Amino acid sequence: MIRVAIIGASGYTGAEAIRIILRHSGAKLTYLTALPEECGAVADVFPQFKGRCGLEIEPLDMEEIGGLADVVLCCLPHKVSMGFVPKLLEVGLKVIDFSADYRLKDASVYETFYQEHTDKANLAIAAYGLPELFREQIVGADLVANPGCFPTGAVLAIAPLLKEGLIRTDSIIVNAVTGSSGAGKNPSEKFHFPNMNENLFAYGIGVHRHMPEMEQVAGEVAGSNVQILFQPHVGSFDRGILSTVYSQPTQDISNERLLKLYNDFYKAEQFVQMRTGAPAVKDIVGTNYCHVFVANVKGRIVAFSAIDNITKGASGQAIQNMNILFGLDEAEGLT
Amino acid sequence: MIRVAIIGASGYTGAEAIRIILRHSGAKLTYLTALPEECGAVADVFPQFKGRCGLEIEPLDMEEIGGLADVVLCCLPHKVSMGFVPKLLEVGLKVIDFSADYRLKDASVYETFYQEHTDKANLAIAAYGLPELFREQIVGADLVANPGCFPTGAVLAIAPLLKEGLIRTDSIIVNAVTGSSGAGKNPSEKFHFPNMNENLFAYGIGVHRHMPEMEQVAGEVAGSNVQILFQPHVGSFDRGILSTVYSQPTQDISNERLLKLYNDFYKAEQFVQMRTGAPAVKDIVGTNYCHVFVANVKGRIVAFSAIDNITKGASGQAIQNMNILFGLDEAEGLT
Amino acid sequence: MIRVAIIGASGYTGAEAIRIILRHSGAKLTYLTALPEECGAVADVFPQFKGRCGLEIEPLDMEEIGGLADVVLCCLPHKVSMGFVPKLLEVGLKVIDFSADYRLKDASVYETFYQEHTDKANLAIAAYGLPELFREQIVGADLVANPGCFPTGAVLAIAPLLKEGLIRTDSIIVNAVTGSSGAGKNPSEKFHFPNMNENLFAYGIGVHRHMPEMEQVAGEVAGSNVQILFQPHVGSFDRGILSTVYSQPTQDISNERLLKLYNDFYKAEQFVQMRTGAPAVKDIVGTNYCHVFVANVKGRIVAFSAIDNITKGASGQAIQNMNILFGLDEAEGLT
Amino acid sequence: MIRVAIIGASGYTGAEAIRIILRHSGAKLTYLTALPEECGAVADVFPQFKGRCGLEIEPLDMEEIGGLADVVLCCLPHKVSMGFVPKLLEVGLKVIDFSADYRLKDASVYETFYQEHTDKANLAIAAYGLPELFREQIVGADLVANPGCFPTGAVLAIAPLLKEGLIRTDSIIVNAVTGSSGAGKNPSEKFHFPNMNENLFAYGIGVHRHMPEMEQVAGEVAGSNVQILFQPHVGSFDRGILSTVYSQPTQDISNERLLKLYNDFYKAEQFVQMRTGAPAVKDIVGTNYCHVFVANVKGRIVAFSAIDNITKGASGQAIQNMNILFGLDEAEGLT
């Protein structure tokens, strides 16, 4: 049994990781930590686990953690995470990091959007944990940068096109709508129920931290620079991201060819499923699946993907990465 | 034109009062106030009023208000309100108070649930502003205590039974479900969208401040002491209260007689409408109407009412009271 | 591996049963049937199963089913089910029936609410499948009548009180609110999204088919006749039932004693969890758990329970029963 | 008082038109019609009007209607409407038609998306009723083609850019999300609450009937051919459309210049309000307002608009048109 620790277990991604590992046949939770004020019995912090999990969430003890776990899911916020990851690696733990701290391979891009990067050594060795596109880099890694939810959805929607060089890389538009859980657990005016309910609006207009990550990942798939205009929105539903991606083909391409391309590209991927029409958020909620569709519309290509932002967009993908790291069935705990 | 001031205009009841008065043919807004940090153009505080209202919400100036308005809608919280009302009355304003401070005629009951009552003189002269039951007391009043949303819904559901002495007054049960706007505008963990959405739960188990108000009002209608067990719940919708009221008849009573009783009792009341089946929250959202139904079920009586907690349960009823105070058509601005 | 067939697999309870069995380590789906017009690949009928289930839903072949399965989950409608169950039993299958056809031990009560009962022989041998209360009757049964969702929630909320004779049995009131999935999969005006959304209303006023079932089950627990006034409502959420049950104690009883009573009564029951305050629907959605709380309010007892109407209220409970029938861990597939 | 008839009054746009006219000081409802099976008292067809409207919805009598009204709001479906409009015009009524039948000036485009056009004579004289862009054509018209909801939102979002020739007209992308009321009143699987709730998906992939209307209107504003790629989505909320429109500027253009351009363009328009950030659907629900914002993002222009699909996208705009036709204050009944 792989022993799993979760640092920052008191948020939504922590809860989802707990839920998945509780039914994982090859892994068990051994150590859960959070800020002192958010500690307590798992069943008190998350009442949905009453009777299902007897563990405590405790303040982090860096002395102890090395002996308690084989792998750490590090659910700390951006900028905080890189203060802990080096020490976790030092004591011999595998680390799957949920923050943006190890996702951007070019530290200077990170520094534009966040702050000075204080752990460039490990940045250099981090694998980007999107298994469908970079599986071979994940196997054997000590540190996995778990992808952002928006990049996961957007890039899976167009990876076959990027790979084959079938679309112009200077004019991709990603229009995405996320459910409100993407905002995290802290109450705010915007996400106060009487404001958010029956509502829908764009945010992050102009710049969004997920944009450079999206461009980096898309660029790696394409083998060239990619420019993406990314516009996120938030809607009055809990979970899920629907990405609608617009691009210009570099050649005439029929719907039949598009679908064959996608079906071939993803045929070995359990967690990416081709739909025969528009994917719906509700079909993937609570799962690690990404549903995809693509069509040529008036000479442009419109690609769609739907993922659960907390599962395939965060904790589910982290467990998928963990399964790869430890040589388990990649889908264990996730189906 | 009646000049209307709103104190505490930055919350949900303030917004609803503004919305109603903007289409009122006999009244106009002249002065809006809030705590300094919540001031600003109405169209900034409430973007739904962009292009519809050019007023500013300003810090309250007690020196000025007497000359600026004929009537004040006082939307301050419980316990705060009674610090302002005496001064507003002194400068000659009519006051419609939204808090609980002037609703409980017995100050000692108030003091059990809130704190020491500091304005007993005006408590003695306040009219309880539920027009369908106490219209004659409102006419000519200087101070109107605008009823709580739960008492409004619950008592309208059973007033005909209470009036005719047809139910036992020691065993009434009020089960109510309110929309989330009842919680007010301040973000909290409970009302954070990802928590409140797709949720439903009881609260205030054991004691609820609306209970004594309900018992007082029901008692006045019945002409005797009334005991009510009141259990509120909150559901994942914005606006509305559905009250389901269970009682024991003192005699055998048929559905036909029940419906005739209710139809007669409310036939002159524009804002109480009898339904022929279960009232639905959605039919009354955004209106000042109360929809009612009643049935004899297995020898007990089950009565239902639906109101909008912010309109008939607060600001709409306040304007209805204002119309009465100033001799206008009671429905002006409300249909 | 237990081989499981589902008859009537194309509805919501069918989908939930499929979901649970897919992760069950001791059972596998072998035969899924539906009306011809609702047949097709599981992944087409329920897109959420794309990549997760390769089975087909086929028209029922009674000749074949005996050889294909060990147990049948019979998800047919009331009145239809009893036309199939005798034949399923004859070919040696264990049957867990989701309809009301085998729940009411007194056929004449059934006939009042439904129609003539055509399989009284098997009615006599059916076990009522609420494991927390009737586990010993389920072990060894050939036919299990899977309980209704409302009776499950309501009776679990007050079983400790009934068992100990602590409440009057002539005046119990069950106020319940269910999510919209309780209405099943067929579109209707009432459940059309623009009507149901942001709505809440009562239904089944006067009589409800779940009432006699509730009274029968409560009566068995109490060991005497029980009268229940049951009023269901439906709210604008997908899944869950919140039951608020009002009763009169037969003696003075403190909150401490109530909680001790409940904690003792349910301490061995994994799927019933005591809360320390109001249970919330969201905490049990998608799970087989029932969350319970109870309080003495002004001399009456108010008990609360929350269950998922499709899981503990239907398919989860059916799998729990299946686990009992086959001597497996009762929680297998359900945690 | 203008006498208003509504044909097809039993749907959502009919209800919204009734709601608006009930508070209109210069118009009154005189004749409401629907298919025989949808007739009845307004308060029965739409319980929200109990006590607010005493009219009946009756089967249409073409003999009578000429004498009963001055103007007809024709809320019939596409293809049906043009069978009635000529007769309504013949008897001297002004007609505001909600269908697509008189929107597409080129009958052959209509015939591609619908069927043979049987009233080309009146098609030639119909004014396109988007007052902010074509007010002068509406004044004096006998027949107004009330715009589609999607074209209204999309074109208002980019009209200033089109007018000034600031964007390329061959590569405009309109990504829009509508609330579920856009689907109309008839129940369907897609809009069954348990399916639509917590959901979001694209539809009309490839072709959408609103696309040619959008291109026509945008083309008139631009004074040249315009190509639009339009992708609609539907989300789990009742009312509102959020349009996110992507375009390529023909020259470098700063945010300051963009905002000045828009503010100038719309400064006289009461119903178009510029926001200083992303417009939110909730701010315009139930109103005739369109909230707009625009920004230069990485060298592209992203424009946003939010409207209520039933009000500014249908019935509110129709009343705005009616006010223009009869020389009333354009905002009467709408603020």
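Points to keep in mind about this one:
We call the chains A, B, C and D, going by the order they appear; numbering starts again at 1 in every chain.
Quick note on the criterion: a contact is a pair of C-beta atoms (placed from the backbone, for glycine too) under 8 Å apart; a residue touches a chain by one contact, two chains touch by 3 or more.
Just so it is clear, the model here is predicted, and its values are computed rather than measured.
Contacts with subunit A and subunit D are shared by B, C.
Centroid analysis (C-alpha atoms only) places B farthest from subunit A. Separating the centre of subunit B from that of subunit C, both taken as means of CA atoms, is a distance of 39 Å. The mean-CA centres of subunit A and subunit C are about 36 angstrom from one another, to the nearest whole unit.
Separation between the centroids of subunit C and subunit D, computed from CA atoms only, is 47 Å. Contacts with at least two other chains are made by residues 179, 197-198, 236-238, 280, 282 of subunit C. Residues 173, 175, 177, 179, 195, 197-203, 205-207, 227, 229, 231, 233, 235-240, 242, 244, 246, 277-282, 285, 293, 295, 297-298, 300, 302, 304, 306 of subunit A are the ones that touch subunit D when the two sit in their complex. Here subunit C touches subunit A in the complex through residues 22-23, 25, 47-48, 50-52, 198, 270-271, 273, 275, 280, 282-284, 286-287, 289, 291, 335, going by the rule given at the top.
Those residues of subunit B whose C-beta lies close enough to touch subunit A in the complex are 12, 179-181, 183, 185-189, 191-194, 196-198, 236-238.
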